[in-house]
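Structure in structure tokens, see below.
To keep things simple, chains are lettered A, B and C as they appear, and every chain counts its residues starting from 1.
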Amino acid sequence: MSASPANPAQELPAEGAELLEVRNIAKRFGAVDVLKNISLNIASGEFLTLLGESGSGKTTLLRLIAGFEQPSSGEIWMGGARLDVLPPYKRRVNTVFQNYALFPHLSARDNVAYGLRVKNTPGREINGRVEEALRMVKMLDFAANRPSKLSGGQQQRIALARALVNRPQLLLLDEPLSALDANLRKQMQSELKSLQREIGITFLFVTHDQEEAMALSDRIALLRDGALEQVASPREIYAHPATAYTAQFIGQTNLLRGEIRGSIATCGALRWPLEGTDGPAMFSLRPEAIRICTDGKRQTNEVKFRATVRQQFYGGSSELLEVDCGNGQTLRVRVPARGPLTGEHDFVFSMAEAIRVQE
Amino acid sequence: MSANSTSRRAPLLALYAVFVFAFIYSPIVVLVLYSFNRDGVGGFPPRHFTLNWYTQLFADSSIWDSVLNSLMVAAGSVALSLTLGLLAALALDRADFPGKALFRRLVLLPLILPGIITGLSLLMFAVFAGVQLRLLTVFWGHGTALISVATTELFAGLQKLDRAQEEASLDLGATPWQTFWRITLPNLKLSLIAAALLIFTLSMDEIAVTFFLIGRDNTLPLEIWARLRLGITPEINAISTLIFAVSVALIVIWYRLRARSLGDRSQEFLEQLGETS
Amino acid sequence: MYSRAYKSVVSVPPLLWVAAFLLLPYALMFAHSLWAVREGIIVHHWNLNNYKTLFTNPVYLEVLSRTLRIAASVTICSILLGYPLAYYLAFHAGTRKELLYQLVIVPLWVSYLVRGYAWKTILGSDGVLNGFLQYLHLTHEPVGFFLYSPFAVVLMLTHIYTPFVFLPIYAALEHIPRPLLEASQDLGAGSLQTFWRVILPLSMPGLLAGATFAFVLSLGDFLAPLLVGGPSGTMIANVVQSLFGAAFDWPLGAAISVGILVITISLLFLS
């Protein structure tokens, strides 16, 4: 790969144009299918998160794109050219590693300069770009330190600068925040998000933390056992989960198992009118979609039921109730914090909030 | 070590430890002491301090010829076995090939087998191939036998090396060759130095293999050996004391080096990683 | 992640070298053991006579059994010295642990020959030990049996191999998680019971490794007998050495070597 052009923006595809295309990728390790026929597009400038439990294949997909693994079948294209046939060092893709993988024998500055040096970039240009990258992550003051002298958060920033200084078309981030403690993590999330907006580089972010994924991403690709479960924006995926797994993995939910018969949905004690062919059905109903009905009245599009409060979990601004609708059917209800609550109450939810999901 | 019971004083055990240390060190002490004894080896107590044996030693050209021979063989062995050992360690760490298990065991055999077996096998090979025995055959024998040491040491170093380091390098655009020189080798520095020191020392001290592969020129141990057969002289105490001093100096240098570079970075780095994750 | 070219570059040279200069020589040793000597020339006449001689000639059998006894004695003595030392360092040495550890290592770097020579000067009839005994008036005549005896060989080899035995035992003891010892005591075991039931079993791999090492290397030693052993301390490797030297019967020497090799490898497999 030759030295990067002076103005990388010219080379980048226009915002929103397709940058990366993963076509029918499968990966087997021995007898294990780690990835099964994955197809995914990433638009230029997008912040896309691969979300999944450990073992779901998200890191493997990232490593395939970085070039550390070869797909068993399928292709990866970037900017109109085959990517999967190139060795990692010829890809305009850079990675922020999970434990940063900073070179312990090099200073922070030399770590950042590494990618430019190995490509024989002129010395003056290296200095300028390294300086710029260090300033961007607010690490100019620590440039001379070895990685061992840096805190976890500082190492994280250097790892980011080391990748970004090469002006990659696509930045891969492999659970980059998982090693940080909770407070630092929140702060880095916010910085990462604004940095991405500022420089406009496409981010492919891997995490197992659904809150992090919701907070940062333009779109989330949820992986389950090596297959894509759903790809959508955070709001869409939360409001309209396609499957029971998605509904449970992202946020909390009540999964209602029941049936539709004669345009009536029945789930235990709950019944409401719904168009649809007769047969078994499953619904996701978020706890916050249910409210306590104090006056005993309901709107026309609402479902009312009576239930006994069994448990109450205080959560600061809100509290979570576990209520029993009879016949052992338990629902979780999130209400604004309101003090101790016992006995039977009326609850209502809007019919539109009961999202029909696949099992 | 927090348990009181395990750090309790054990006077009997301590006494025994002192006894073992005395056993380990008494021959060395005797050796050094008598190298300064005018009346030579033996007799008790040593009387009359002298440096005569050392002056005699420094004038003894055949000893110094043998020292030179040993140094050449040792330096050559370090180069040869380190190169092949590094390749072998890389191969064991990252390549799969038929006979890998056999290869791993075979490489280690000279380390585990009594020296005489390896020495004789190499002798038979040399004779079979019609090679004349000389210093070069000793170098060949040492270099081959000590690949075992280089491989073990460097393989251990590679196992500790974080694979993500090399991936990061490739990811940043470095070719595999650049990655090897800029990342893999610097990370192996400690193992390389350790292996080099060990190979050097072992080669300087090797007798069993040398015994069968030597031609007319003697290495230092064989020169000493030849003189021992003629009888004990304090000159040998003197050269042994010097060898001991050099060995100890090498060890001290090695620990200083290791302590510094470890303290400097890798240790702390690893600790920090451990803390954060 | 590593390309095929990378893998061949790193594996082919050491493979070829090891095949040519280790595998082939060892194979040649085996081949020799199946050949014969006729009128001072080695003839490639395949037979098992060398092994037959080895197992029927009482001289060889006696030397072999003495060698095994010496190697066993060295192993036991090294363990008796090395294990308590390792135990002391691992559990009782406190802050001096590191220093003491280095002190055990240092002699490993001191020439084998030099250490052997030191024993020769100590044990000889006009040596340091005899001088010391006469100085104290404990004896009036030099004691002759110190040097040139199986005892001297065992002493010298024990001195050489004690640090070797110490190392793996110490490593094993250090790796025993300390909470296990607390758990054992918590469950009512005394110190001695904790040692027998927890520490000793957990350090067994280290003990076996060290013991195997000491046994195998003593088994094949030919320098200690030459230095301090005398005729009564001759070991099997000395026989091999003389068969390859003055006696010029390489095939028989090779057969004995193969015997040593087989004992060594089977021990390594067992431990």
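The rule we apply is simple: a contact is a pair of C-beta atoms (placed from the backbone, for glycine too) under 8 Å apart; a residue touches a chain by one contact, two chains touch by 3 or more.
This is a predicted model, so every value here is computed, not measured.
Among the other chains, the CA centroid farthest from that of subunit B is the one of A. Chain B has the Cα centre that lies closest to the mean of all protein Cα atoms in view. Two chain pairs, B-C and A-C, are weighed by contacting C-beta pairs, with B-C ahead. Distance from the subunit A centre to the subunit B centre is 53 Å, each centre being the mean of its Cα atoms. One finds 17 Å separating the Cα centroids of subunit B and subunit C.
Each chain gets one centre point, the mean of its Cα atoms, and the points for subunit A and subunit C are 60 Å apart. Of all residues in subunit C, those touching 2 or more other chains are 1, 3, listed in ascending order.
Residue numbers of subunit B whose C-beta contacts span two or more other chains: 167, 170, 176. Shown for subunit A are the residues in touch with two or more other chains, namely 68, 87-88.
Those residues of subunit C lying in contact with subunit B across their complex are 1-3, 6-11, 13-15, 17-18, 21-26, 28-29, 32, 81-82, 84-85, 87-89, 91-94, 100, 102-107, 109-115, 117-122, 124, 126-128, 130-132, 134-135, 159, 162-163, 178, 181-182, 185, 191, 213, 216-217, 219-223, 227, 237, 240-241, 244, 250, 253-254, 257, 260-261, 264, 268. For subunit A in complex with subunit B, the touching residues are 1, 66-68, 87-90, 93-95, 97-99, 101-105, 114-115, 118-119, 146-149, 152, 155, 162-163, 166, 178-180. Taken in their complex, subunit B has these residues touching subunit C: 1-3, 5-10, 13-14, 16-17, 20-21, 23-28, 30-31, 34, 41-45, 84-85, 87-88, 90-91, 94-97, 99, 103, 106-107, 109-110, 112-118, 120-125, 128, 140, 144, 147, 151, 163, 166-167, 170, 176, 201, 204-205, 207-208, 212, 221, 224-225, 228, 232, 236-237, 240, 243-244, 247-248, 250-251, 255.
Note for the complex: subunit B touches subunit A at residues 162, 164-165, 167-176, 178, 182-183, 186-187, 189, 264-269, 272-273, 275-277. Subunit C makes touch with subunit A in their complex at residues 1, 3.
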